[in-house]
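One structure, pasted below without further comment.
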């Protein structure tokens, strides 16, 4: 179980390859990769991600522990960046390894839902028109209800 | 009276104008501490005008505004998170 | 949209990297990788996968078309092997790329459910004790009901 | 009477002992064709003894046993699929 919170860019394919190589007696691996894209009307120049050092790692590790128990994870990797990112950059990734496919999917979706709304990150979009904080969506909060 | 480290993130940090400060407080709960902060200056009153749009963590654990401060060393205020 | 049915081994991390590089204006990529593991009591020596050449590719492409419409896929990759595989070998992978994360997850799970029960592959487990055809699970058939 | 290519997969192929054969048939439906095959030899009768455990495709499209053969060139019989 590895959690990395970093400003440095990373190569998701390389991280997935390393993760898969380290997994033994596993039948299913699910990965999610989140990428910066243009959400706003005016073209996005930067996505600035602020976080709460210390709490971020603890909060994510607690989610990973819950997922590990609940879906019998054999292994799990979470990488999340902070700092200034550009459109097309990878923001974060999650990888889950299990015996059965449905567990790998459920654990990855659970982690994504919780990372969205319970990990202390805040996104700010910077365009030619100025900067604005991304507001949390009601949908994202509601998504937690299914777990 | 005791000292507690108070952290602000995202637009709350911008409105208050600093990322953290050490505060002397007699507050029993998070809500009491918010009242003390609001009373300080207009920028605090404005920043904390709508608690429904804010979240709080005590010693890096999410909690609620009615939580007792007890021996907490660090309290953090921030808007709803937008990770992932 | 690429569907590959092949006997040759492939590197899932490399395939994921190539897939991600080719995706433009995408916010979410989900991948599933299926790996041969010991399912039976006696140690598995080989997993032999038979398929129906021609129908396999058509059936998978039809699933991909349905998923593309339903979840607005920007891109999709399916690779499935046939022939003799050993424990630890990658059997297959699915990758989906979308604007929103929930679509990428749903499309990948849909494709997996349909590949399990509607793509003409048949698995045979070969152990020291002999060989046996893997039987389809009621659960796998039932999983189609949710779509 | 007309000719149709018949394919067998997995344990059905093993029980019948061949992967495909060209069959001369007067069958109107898949079920009629199965009856003709069953009548041929014991290994066919055995292989097709439980249709609930078999699936059928006409010209590489999944269908049901009551489907008309019409102009189909290729019919395939096999157990439930185990892909993924």
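Note that the chains take the letters A, B, C and D in the order they are written out, and that residue 1 is the start of every chain.
The rule is short, and it goes like this: a residue touches a chain if its C-beta (ideal position, glycine included) is under 8 Å from a C-beta of that chain, and two chains touch if they have at least 3 such contacts.
Every value quoted in this text rests on a predicted model; they were computed, and no experiment measured them.
K.L.:
Listed by label, which chains are in contact with chain C and with chain D?
P.N.:
Of all the chains present, none is in contact with both chain C and chain D.
K.L.:
Between chain A and chain C, what is the separation of their C-alpha centroids in Å?
P.N.:
Measuring from centre to centre gives 23 Å for this pair.
K.L.:
Please report how many Å separate the Cα centroid of chain A from that of chain B, as a whole number.
P.N.:
Centres of chain A and chain B (C-alpha means) sit 26 Å apart.
K.L.:
Roughly how many whole angstrom separate the Cα centroids of chain A and chain D?
P.N.:
Taking the mean C-alpha position of each chain, the two centres sit 49 Å apart.
K.L.:
Name the residues of chain C that each touch 2 or more other chains.
P.N.:
As it turns out, chain C has residues touching two or more other chains at 34, 101, 112.
K.L.:
At least two partner chains per residue is the criterion; list those residues in chain B.
P.N.:
Within chain B, residues 84 contact more than one other chain.
K.L.:
Spell out all pairs of chains that touch, sorted by label.
P.N.:
A-B, A-C, C-D
K.L.:
Where on chain B does chain A make contact in their complex?
P.N.:
Residues in contact with chain A: 7, 9-11, 13, 57, 60-62, 76, 78-84.
K.L.:
Enumerate the contact residues on chain C facing chain D in the complex.
P.N.:
Touching chain D from chain C are residues 34, 50, 52, 54-55, 58-59, 80, 91-92, 112, 115-124, 133-136, 141.
K.L.:
For the complex, give me every residue of chain A touching chain C.
P.N.:
My answer: residues 11-14, 16-17, 20, 23, 25-38, 99, 101-102, 104-105, 108-109, 112, 143.
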